[in-house]
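After this come two complexes, each holding subunit A, first together with subunit B and then together with subunit C.
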Partner chain A sequence: MVEAMENIASKKAQFLSNFLAKDTDVNSSLAKQEALKALENLEFPTTRDEYWKYTRVGKITSAKYSQIPSFKVSDISNYCIEGLETYRVVFVNGFFSEELSDISTNQGVSILPIAKARKENTDEIEQYFGKLSKHKTQFFSALNTVFNTNGVFVKIAKNSILEKPIHIINITNAESAAFNPRNLFVVEENAEVQIINSYETSSGSSFTNATTEIYVKEGAKVDSYILQNESDTSKQINEIDVLQESNTTYSATTITLNGGLVRNNHNIEVRGQGSETNLFGLYLTSGNQHIDNHTIVDHIEPNCESNEVYIGVMDDKSTAVFNGKVFVRSEAQKTNAYQQNKNMLLTDDASAYSKPELEIYADDVKCSHGSTTGQVDEEAIFYLRTRGVSEANARKMMICAFAHEILDNIKIEVLREMLEIQIDERFVLVESL
Partner chain B sequence: MLRIKNLHASVDGNEILKGLNLEVKAGEVHAIMGPNGSGKSTLASVIAGKPDYEVSGDVTLNGKDLLDLAPEERAGEGVFLAFQYPVEIPGVSNVNFLKTAVNDIRAYKGLPPMAAKDFLKMLKEKQALVELDKKLTSRSVNEGFSGGEKKRNEIFQMAMLNPKLAILDETDSGLDIDALRIVANGVNKLKSADNATIIITHYQRLLDYIVPDYVHVLYDGKIIKSGTKELALELEEKGYDWLTKGVESSELKVKS
Partner chain C sequence: MGKYTEDELEKELETQEYKYGFVTDIETEKAPIGLSEDIIRLISSKKNEPEWLLEYRLKAYSAWLKMEEPTWAHVNYPKVDFQDIYYYAAPKPKKQLDSLDEVDSELLEMYEKLGISIDEQKKLSNVAVDIVMDSVSVKTTFQDTLAKLGIIFGSFSEAVQKHPDLVKKYMGTIVPYTDNYYAALNAAVFTDGSFCYIPKGVRCPMELSTYFRINEAQTGQFERTLVVADKGSYCSYLEGCTAPQRDENQLHAAVVELIAMDDAEIKYSTVQNWYPGDKNGKGGIYNFVTKRGLCEKNAKISWTQVETGSAITWKYPSCILKGDNSVGEFYSVAVTNNYQQADTGTKMLHLGKNTKSTIISKGVSAGHSQNSYRGLVKISKNATNARNFSQCDSLLMGNKCGAHTFPYIEVDNKSAKVEHEATTSKIGEDQIFYCNQRGIDTESAIKLIVNGYAKDVLNKLPMEFAVEAQKLLAISLEGSVG
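Here is the complex of A and B:
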């Protein structure tokens, strides 16, 4: 027993030795101190923890990570959204790339690499940093809070409505390297912003452990897109923590097109009346991929509405997990909460674990949730084929129609069109089972 | 045009069609009637190429062997089945579905895709033919359609695809008299000297609107009687008993 514990302890020490705390001035941040302490006590999550029941992190924790190689991206256009003008923040292997970025901003918005902001806006960062993240209880959140090297700090000033989205592009090409990007968004009263966060692998396999905190202040609107398109061997843990004040709208669409192991933890605290939360997700898995979406919407105040729809298509031997939890606290009367998860399995070897959960402590609320998992409707395939539609086209039509329900919610038109094309192309060659 | 010889079909070891013969010539309308469970819908599904059946025998359309072809290839050869229960397909719009269907059939025939302008023109024409609400065309295939709208949508698709052989499987079921008239009207307008129609029905009612050249009675997987439209009237009056009793006793004789 003692030996086993020592073994675990040494495994953790070995894993942590992969990371270098660049910023040795631990005292500068309370959250960092908390996280450092938490790391001493927290173990790797295992499938014995309910929160990690279907996702093993052994692939992450047993890997050796090399020093991050520097690498230059000469052409950024592949990673941009064609026809969309954005503010652009580019990180290449975790390093902020000034020459690829375009953060020359107007009044009302400030976009800074967080490392720089920490030096220049120390007090402001300290006010927000680590106040939402789960670093006291979650191992990977603590890891990020201690070892984060870069990311972005964005502040949208009161009443500012951003005329173009902010696109944060994370590109990696490292053979087994680990990154801890950390983002902080403060969207002040009545401001409006669209954020796109994309994660791409140019080559190799990496472990990205991202944590993002978003403050949506009274009357503000945030429309956020998370695009995950990493390599088959990449691993990603992505925690997003949101605080919504009153009369706010937070909408997030998470699109996972590729990735070896992806775990998204999306936590929304609705601490204000008259707010709206929309969470949409689309995950398309293949090979041996494992994609896990965990969401928590916590309704603390009355008269709020939340909508959640996650849709997945699983091919080959891949696995998808959805766990959506909605809390309606005793004060949160007149809450309207809707939650839906739909999975389509393309093979007998693909699996889906779905667990929509409602925990309601108020009595005057309207909540519903549902989950379906099935295969392509063969009756419909036959129907389409009798009209002359080839089998491949029939399958493609059925799968794309299923996925499009999520894309229809995307408000940035060129982004929606780009994804529609990508998804249509992806399913062109789906043959019969 | 259509020639069926000694057609057998079974599903999960149960033989449903037991040596069926039928010949349909261009320009003709054939009605197939018969009691429940006699194999009428199976015949329709087997001609269209539903994969659930084990099939033997010969089915040719203008000399081409259909049984070797996939459902979409049969559609390419000119087979169309109007379903008894049209399938709802959420998320697939009628227009996109028809565009793909029309162009996949054109590709099968070695033709280039239809120009968007021509397609829209055809769409409008055929929509008018079956008095289909314009809104339904842009909606998802059959999703939330009433029974009558679904059947009308079947005939609309038939009009768009212009088949050589159309099989209407219980197209009259669930239709009120106005919808029946519209559907029948559509079918009659689509009739020509080059195509043929098989109407599968329980009731004489539809045959008042679409007048058949021949009426066949299908029972226990075989056609046991063929005649002209008067046969349908006789069936309406007398039911099937007078025909099926004879079959059973003759089978008994064979067995004994």
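Here is the complex of A and C:
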């Protein structure tokens, strides 16, 4: 028994040794101190934890990583969204790349690498940093909070409406890189912003452990897109913690096109009346991929609305997990909460695990959820074939239409078109069946 | 009729006392308090059990000692002191009776209070009643009629004596003693229960029914039910419960095993109305039940439950759909009031091809109660063309109660079709307004709406039971029903 314990302890120590960066100054922040303490006590999550029931992290924790200095990336046009003008913040293997970024902003908007922001404006960062993240209870959140090296700090001043989206590009092109990006967005009263956060791996089995905290202040609007397109052997844990004040709108669309092991933890705290929360997700898995989306929408105040739709198509031997949780506290009367998960399995080796949960303590509410798992409707295929469409094409049409439901919610037109093309191209493969 | 608001209903619900709380004064034989190997040996020898059964009990006991009490359910309660319970209590043995006249008049009175007089049942409803009172079967009726068809229906201990082969063959095959904490406890200390065997191709002509009743204070009841439906047979089994008012929390850990062989069908209906505790949450029964059924080819198992009682309910009647084309159904109405807590649902495990399952769960929470649905639908890799439909609705009355849904959906086969939907809401003001408009007062309107809401499930109960179920629903939410 003691031996086993020591074994676990040494495994943890070994894993943590991957991250011991020289410049980890724990004393600089309260959250870091809390997280370090948590890291001492917390173990790797196992499938015996309800929160990690369907996702094993062994692939992440048993691998060796190295923190390598930035590889050169000369051309980033591949990673940009064609035809879309954006502010651009580029990280290569976790390191900020000044020459590839474009963050010259107008008054009222600051976009900075968080490491720089921390040096220049320590107090402001400390005011927000680690107030939302789950570093006290979640191993990977604690890991990020202690060892984060860089990320983006965005602050939009009161009443400013950003004229173009902010595009954060995380590129990994080094074998077995491991990094902990940490982002902090503060959107002040009545400000509006669109943020695209994309994760791209050209090759290798890197591990990205991202944590993002978003403060949406009274009357503000945030429109956020997370695009995950990593290699088949990459690993990613992505925690996003949002605090919504009253009369705010927070919309997030998470598109996972590729990735070996992806775990998204999206936690929304709605702490103000009259707010709206929209969470959309699309995950397309193939090979041996494992994609897990966990969401929590916590309604604390009355008169709010939340919408949640997650759609997935699973191919080959892949697995997808959806766990959505909606809390309605006893004060949160007149809440309308809606949650839906739709899965389509293309093979018998693919699996879908769905767990839409409601925990409701208020009576004057309208809450519903639904979950379906199935395959392409054969009658619809038959209908298309009677109209002269080949079976392969009919199938492709059906799958694409299924996935497009999420894309329809994307408000940036060029981005939507780009994704539509990517998805349509992907299912050309179906034709060979 | 004055204006009747939901607040008033809420108030009435809070003050609604348990109607069936009375204690019948019958001499009871008790084993010493607490649990040990000796107690298990005592129970076994009292019941004159064969050696293999004692061994089974002891194995279960040693397994139980190694287990931990589960804590994952969405319920809160003070820990049970397993050494503070009498594990055996039986009415003093009476001589064999031939007619109802010979039954203890006190007993008959008690059943009359419950509105389930054997007399009436026997004459009017054609129901065979196996009465389990404090763990020992007192009287079994209609035995002869059933015996002619080869149906074995009686108390578990009787079956152990008369049909040891059947009991030995099937007992613990569906719910092994290693299954969970309470199943292990039950396997170690069960005192009695019901046993039913329907032979090949026989359609049981009447509803089989058992009324369980916990009587002696501080007596945990551990019954064990085993229903075996052989190939092509059919039976409908009813189980109903009421208990007298007590202040100590009473523990109830039952195990029910159903086996439906090829082409067989079992319909299992439960009305549970044990003492839920008073309006301050004091007392009440802890109900930790393991119920599971196995379906072979083309078989069908249907669970219907109306849960209105118990302080804590922890219960997941499940179906293992092993055979091709087998069908599992789960219909449930769970009403919680005051400080009651219910965590209930089902598991549908699809293993065979073309298996189908339906889940309809209706929760009503009032007062300070917590009502959770927790269910699993699993489509395994070989379950081609499996189909599931689940619907879990919750109705909330007041903002001090909670309604929760925790569905687990696991699909490993592409041809599966799985649908789950759940809604949570209160009784719509416009629905009440519509009724008012048509001259229906608010009180009747609430009754109408709740009844309509639970209709899908109540309709699934056998006729004889539906009446009682509706009565219980009415009592649980009395005030709205007038």
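Note that in this section the second predicted complex is superposed on the first by the 425 of 433 C-alpha atoms of A that agree within 3 Å, B and C clash if a C-alpha of one lies under 4 Å from a C-alpha of the other, contacts with A are read in each partner's own complex, and residues count from 1 in each chain.
Heads up, the rule we're going with is that a residue touches a chain if its C-beta (ideal position, glycine included) is under 8 Å from a C-beta of that chain, and two chains touch if they have at least 3 such contacts.
What you see is a predicted model; the values in this text were computed from it and never measured.
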Touched partner set for A:E391, first subunit B, second subunit C, both or neither: first
Touching partner for A:E425 - first (subunit B), second (subunit C), both, neither: neither
Contacts of A:D49 with subunit B and subunit C, given as first, second, both or neither: neither
Which superposed partner A:E120 touches (first subunit B, second subunit C, both, neither): neither
Touched subunit A residues, subunit B compared with subunit C: C
Partner chain in contact with A:F382 - subunit B first, subunit C second, else both or neither: first
Residues of subunit A touching subunit B in the complex: 377, 379-380, 382-391, 393-394, 397-398, 400-402, 404-405
Subunit C partner contacts - residues on subunit A that touch it in the complex: 50, 330, 333, 343, 345-375
Footprint of subunit A on subunit B - complex, ascending: 48-51, 70-72, 74-76, 79-81, 83, 86-92, 96-98, 100-102, 104-105, 108, 140, 157, 161
Residue ranges of subunit C in contact with subunit A within the complex: 72, 379, 381, 384, 394, 396-426
